[in-house]
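You will see chain A twice below: alongside chain B first, and alongside chain C after that.
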Partner chain A sequence: MHQDTFLNYRRFKWLWITAAALVAMLVLYVVDNPLGGRSGGSLLGYAYGILAAVGIVWLMAFGLRKRSYHSSLGTLEGWLAAHVWIGIGLLLVVPLHAAFSFGCNVHTLAYVLMVLTILTGIWGAVNYSTLSGRITAHRGGAKDELLVERVDELQQQAGQLCAGKSDAFVRLYNEFCAPFKPSLAWMLFTSRQPVVDKKAAREMLSRLEGAEHTDAVAMIGLLDQRLDMLRELAEQARIKALLKLWLYVHVPASFALCVALIAHILSVLYFR
Partner chain B sequence: MSQHFEIAIIGAGPAGIAAATSAAHHKIPHILFEKGQVANTIYDYQLRKHVMAEPSRLPLRAHCRFEAGSREKILQEYSEDLAKRGVNMMKTEVTAIAKRGDLFEVTHGGGACTAKHVILAIGVQGSPRKLGVPGEDSGSVAYTLADPDAFNGKQILVVGAGDAAIENALALAAHNTVTLINRGAEFARAKDANSKLILAAVGSGKIRCFYNSTVAGIEGGEAVVNTPEGEVVMPCDHAIARLGCILPRKFLEGIGVAFPNPDANSVPSVSHRYESNVPGLFILGALIGYPLIKQAMNQGYEVVAHIRGEPVEPADQPLLEERFEKLPGGFKANFEKVAQSIPLFKDLSAPQLREMLIDSTLHLKSAGDTVFEKDDYTDTFFSIVSGSVEIVIDSNRRVSLSQGQFFGEMGLLSGRRRVATVVTAEDGSILLETPRKQVLKLIASVPSVKRALDELFMLRAMQTSIFPDAPEALLRSLAQKAQMKSYKKGDVIFREGEPGDALYVIRKGSVKVSRLNRGGVDVAQTYVPAGHYIGEMAILKEESVPRSATCSAAVACDTIVIKKEDALALISQDPDVRKRLLQVADERRVDNAMSDWSEDSGKLLDFMMREGLTDAENVLLIDSNLCVACDNCEAACAATHGGYSRLDRKGGKSFASIQLPISCRHCENPLCMLDCPPDALVRQVDGEVIIKESCIGCGNCVSNCPYGVIKLVYDRPSSGGFLLSMLGLAKKKEKGPAKAAKCDMCHDLAGGPACVRSCPTGAAMRVNSARLVQIASARRA
Partner chain C sequence: MASVFRFIHEKKAGAGGAERRVVEFSESAIVFGRGGSSHVILPSYKVGTEHAKLTREGEALVVTDLESPTGIRVNGRPVSRAELHGGDVVSLGDIDLRVSFDGNTAEVTWLELMPLSMPDGERVAIRMRQLQLDSYLPSIKAISIVLAAIGVVAWLAYPLSTSSKKQWSSGPISNSHKLIEHDCVKCHAEPFKPVRDQECFACHSMTEHAHGMGDFLQQHKDLGRRCAECHMEHNGDHGLISEDSRFCVSCHGDLTALKSGAAVENVASFDSHPQFRVSLREANDVVTRVSLDDPKAKDPTPIKFGHKVHLKQGLEGQDGPVTLQCSDCHALDKDFKTLKPIDFDQHCRDCHSLGFDARLPNSQVPHGDADAVFPALFAAYSRVVLLGEDHELPNPAQDMQREMPGTEEPRTTPMIEATGIPGVVESARQAERQLFTRTGCFLCHSYREKPEEFQTSVNSHYEIVSPKIPNVWFPAARFSHGAHEEFSCESCHEKTRESKDTADLLLPRKQLCQECHALPEKGGYVRSDCVECHSYHDALGFPAEKKQDIANYLKGLTR
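Here is the complex of A and B:
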């Protein structure tokens, strides 16, 4: 239904602007032949350094713009588009500034933190554009609270079927009701779902007879529905977590970057 | 020899009592006749009823007391004042009045007398209007209600939308289950206070109310009611019908009183001194369309002063004169001009005219001044007192209107945007701008106004939508042959495949067009809003042509039906019209042939209609393919609106990837505006509906909005910002009263709606109904 997203905003306007700037900077860098060789201390190096620092400050200002709800300065979508593409562009601006010299020092620490910030940002951008359509609550699907209620109901209904049944029947019930406790890592990084051992379940079912057999089939139906819902809940929780999780790295990393950047600038000015 | 009096007053109601006490005060020989009780209408009110003294801005000038209070107190004061002033009252019925020379002969139950002046103040309550349906005279149907406490635990149907019906319904609802049947969509005729009370009672569920509904029959403890949603049968122990009364026209005509037209509802014309065409015969109160007690009493006072030869200004004179201040020459030079220049208002009685003028505004315009712009959302009605205006249809076509003509009725009746810009053509043109509510009142009470507006609406609808170049005379004759037809929601207007025999212009509401797709499933194709026409394809040719689609009412609709033969007769006289119509029809045919709507897109359209989106002027939608559930839209809304978000992102309905948050959609026909006592809900020129500071927090709009988007909220005390509150420096603000709050489209923000501007992924968007239909059609399979 929609044409513009934050990535392709105005036909990738900010990607083209960033790319053009980078090409220009690269050409200048190649053409430039300063005394004492290319370095962060050359005129062009300083210029690129200032540009990068200003860029970082502007990128961090996104947090303020996001909360300036009265602002009439462009739309947040446009700002985010610029934030993403210009941020990615910095990956190259900074090496150009440093003339690709890295070491084990506060200067490179700042670069590493910047890369961490940008990579988590890219991760967020990828999540935003791939996961948003999978939030089912948006699509007229049941809301989470209702699903949780329904899961409980189904388990109770299945549990009631166990009354007065054989041990084999109860074992079958337990097979389906094994606690489902995904680890955090599992929740976030795998979309594999818990499965019931079908072979074992079939075997257990075949040992039941008569009315117990009929009830067991009904019970499996209920419990299978319950599992489907649990999987759905886990998947939704995973998506929602992924849509937020990256920010918990991205934002602190950006502040750490800020501190390292100040240390870098001060040390450069002091030890010049 | 019969007795002679200077003044004979017929009817001891408020007007008669005021006239009689004035006459007695000035020691004028007089007689007051009353066939029943003093103030019979008030006497018939339910016990302990609180009687109001509307209009509150009007002072009382009579020689007897009246102020708002209980029925009993007012009756007692009337009796006391009649006795105190020494009024000569005779309790008998007047059977005939005849003018002989300069004198009136009054024949009454006790003989006869003569009088120089007769003041007729008999009111209209003597003959109530009946239901006109089976069972109207059965024992369970009553036309008055004296004691509401006589009913307990009953199922009671109250029919009517005036003050009497509202008051009866409210009183009965204390101990009974009450259903109110309102023929219209509003309580336009009721006093403001009453309409507020009834809407509150309906809103809280105390009284059930059917709007746009009529009673079809009452029999055997059941009532059948026709509602826009279809026929409803309900239990009914008693029915109270308060449908107003029939004017005793024969009696009046017997005296020689002339009526402006043959309509049963028309009232006799009187001068501004309430004198009828029979010299010396004065008619007051409800008989001339003035049902309010205070007005009737002032009229009684004024008439006696006039008879005494004492110059007297009507009590509302200062209010009226204020209206004329801006015009050169003021009131004196212009009042008669205004009164006589507009034929539409010629049937208004002098008091009706005065009331209309008091509510209206007179504008003095220069050539080139814009009166209103196309697509504006104003809904007032304009009449040209002098000068002329031009309606700008497009850059080449302008229609000129001159003195006595009127415009702005399309917006008034259909609730839609202005269809054209109107500019003043002459310097010094005087325009009369009348508010919608006042015109609706005139339509309801003056039949000739209703008829003139209906015909004009048909004419203009035909001019703007179908026959823009046809001569007006031809269109007028077509308009006279055309009929008005109303449809309830879901009613089929015509079916695909039926032979077409008429063309329909949609006056109010909107129509759903659906067709069988290639798979044989009936699929919604589009909707047609008010002001457009349907069914033209089948009537353009002499031979019978089957309908190419099914049309049904998406909401309750009023249509103008033009018969095929009438339309053909017009078309045959104008080959250009025929050519253009055929061209449009062919375009629609090609569209139809090429489109095969999938069931999905049809379902989407159905969803939109179900959710009322075809009536939406500006609705917030969220593309759930893009939404990342960050809730920045809600945060933005809250931050820009005193701490409360006016949108609920998760709460609304959704269809496919379109999510519809609970948020104001700025309807074309905003139900929230129906009854706002302080008129705080207003439609801006650009279409957005906003709530002004004058909101009193009554909650009428909250209950009237079908989409649940209005809430009553307290202004959340402003913290003065995050930093200040962290430092403990935030100023505490007093908690104000609860007021209605809803989306205002951020009309005071330069950038526009904060929700959309704060969406980082571009998922939030605002669209109007036309764009919605585009979205639906873009999803064709």
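Here is the complex of A and C:
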């Protein structure tokens, strides 16, 4: 079943528009042989520069468009599709504008910031298309809040089993009741989440006898369930973090790009 | 009895309100643990039944681990026994105890921040916040504002406030301008305005074309041509001197549209180049330029010369027959471009002796200075008379017979008819007249008899019409013979072997050049850009008043 996403929106409408525009621009660029050589200062260079600047301003306007819920300027999905594909297209438009000349100056800085913005944008787009589906595939549709509550409940239930038990029993509890202390690293590196080491558990269980043994088995069952939930929470938190983390570079880099772009345009007009 | 230990349990529950419980102990040692046997009961499953013991040992306060399952840490460091001081934090399992000790009562505080008794909703809310990326990072907005602010200062405010705006430079400066690289205002005198010609002229004294162009462009301001339009800076070592013909053609393609009565014809490319015009110096020294297609294009040099005669095989040379090659007379000059001028002594004298008397076979007059001819003749005859040298005079009837080059008829060299040496002066004058008007000089040159008032007893009574053989026919063009040395002379100077007259201009026409120099689409192999042959500015030197010494120049530059 064909399903529209922001990338294949209307059968890649914006990808084709961007690709066609790029091919046309590339052909014009190759054909053009301006007096004094190709540069950002030639007629075509100026045209591509203006096009790229307008493009950047439009791409940044997406930040406003996505917040205006009552806008009638096309669907948000369409805007996002255009945002992604036109943004990627700028990677080539700007070198065509500059005739592929780069240096250690504010002009190239603007390009570097633009590349940084676009690459993080691509990272974000990839994250969205690969990870966002995994958010909804949550166990039984339970929400994170329920999982959090359940984790604490399980810890409490296991803890209650410790009442009046020997130190060896409590040691078993401590071994398998890893603290629930979410952190940035905990979130981004889910693979480090602890699991119940079955072998160690069996060995420690063998030292307990009678009622304590029975309770310990029940406790480990509870704690194993709890760790499963913790891993699930961590995985969900990681996905949500990855869906946001790229924005921490994408958006600030785009604002820095705006300043660099103003500096670029100002300096070019300043030194004519 | 004063208490030895004071235990304070503070609960900071959000919605449930705060709670504070204080217990005093007079014992010198108290035990902390989960079990009922402990003095202080810490209800955590990370705490052993009897976890740690706090002891007063004189003035000291000591904590000891009672083989607890999770151990104890003092200020984060695991220990089994440690002396405590005020401000230390002792951790038993997941419970942190703050110690304050003034030497009398040791106060131990347990600040319970999030007891499990906290209402579920709030606990979950805190957990949920901890699962958000935002809670670990500054806001995207804040990062954006800081980064943009840094940009405004570093990329806008700072360059605007300094004279060196290096980071605004659009590219590397040409090597010639490296000295003033950091002195932007040297060229960019006014911000937001194009570089003016006067900034260029401040250092560069461009002559003729540029200055002439200056006047011309003043009258045609609508053209808006500036130096910097053709000389584009900030392209590194490329571009400052453009070789693109379109710069020239943008005006020269249609000069008549700019100025009526233009001195030169329109040219759009070498294909449409007008026929070459040779610079001819007329008798009054006025140089006129005549197209090679014009019948008037004749070599005006007053010399009697024919290439045909000289290139004949088996000419009579001094030591037998010779066949001359082009290179026997024409050689590349040191510049590897032009040809050396013809030199009589080097190229002609071997065959064309300047002898004057068959009785004096070893005597010749010098070439190059007509006035030196008579003194030389006088000296030769004087020597014979004064030194009384015994000369075996040849039989006057037995004239030296010599074939005139290029002719079949034997030529009789007119000899001085003398049976002895009459008067020295008379002999010398007679020989002089023969040389100038009939033999040696006359063979190639035209002569003039000097007016009587210029005839003295010690100089020649004749003068030679100066030939002024031009060495370069197209002084405005850059041509290098050296660059074309792989080709035979005659592949360009085509009809040389048939030329009988000096007046024949044996120069190649543009059509011949175009066989190689043409646009690729016209089958050209080599470049045919304007600058291939033409130079633009006729730089005649730098005016003295503009010269300055290097030290002062460098001092004037702001770094």
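General remarks:
To be clear about the criterion, the second predicted complex is superposed on the first by the 252 of 272 C-alpha atoms of A that agree within 3 Å, B and C clash if a C-alpha of one lies under 4 Å from a C-alpha of the other, contacts with A are read in each partner's own complex, and residues count from 1 in each chain.
By definition in this document, contacts are C-beta pairs under 8 Å (C-beta built on N, C-alpha and C of every residue); 3 or more make two chains touch, one makes a residue touch a chain.
In this text the structure is predicted, and so the values were computed from the model without any measurement.
Superposition of the two structures on chain A shows chain C fitting alongside chain B with no clash. Between chain B and chain C, it is C that contacts the larger number of residues in chain A. After overlaying the two complexes on the shared chain, residue contacts for A:A52 are found with neither chain B nor chain C. Contacts of A:T75 after superposition on the shared chain: chain B is touched, whereas chain C is not. Of the two partner chains placed around the shared chain by superposition, neither chain B nor chain C is touched by A:L15.
Of the two partner chains, chain C is the only one touched by A:R171; chain B is not. Looking at the shared chain after the overlay, A:V93 reaches neither chain B nor chain C. Touch criterion met: A:K240 reaches chain B and chain C at once. The least CA distance from chain B to chain C in the superposed model is 13 Å. Residues 240 of chain A are contacted both by chain B in one complex and by chain C in the other. The part of chain A that touches chain B in the complex is made up of residues 1-2, 4-6, 9, 66-67, 69-73, 75-77, 79-80, 128, 131-133, 135, 137-140, 143, 240, 243.
Contact residues of chain B toward chain A in the complex are 622-630, 632, 635-636, 639-640, 650, 653-659, 749-752, 754, 756-763, 765, 775, 778-779. Note for the complex: chain C touches chain A at residues 34, 45-46, 48-49, 68-70, 93-94, 116, 120, 123-124, 127-128, 130-134, 136-137, 140, 143-148, 150-152, 155-156, 159, 165-172, 184, 188, 191-195, 230, 232, 235, 238-239, 242, 244, 246-247, 250.
On the side of chain A, the complex with chain C involves touching residues 35-37, 39-41, 101, 103-107, 109, 144-145, 148-149, 152, 156, 158-159, 162, 166-167, 170-171, 173-174, 177, 179-184, 187, 233, 236-237, 240-241, 244-245, 247-248, 251-256, 258-260, 262-263, 266-272.
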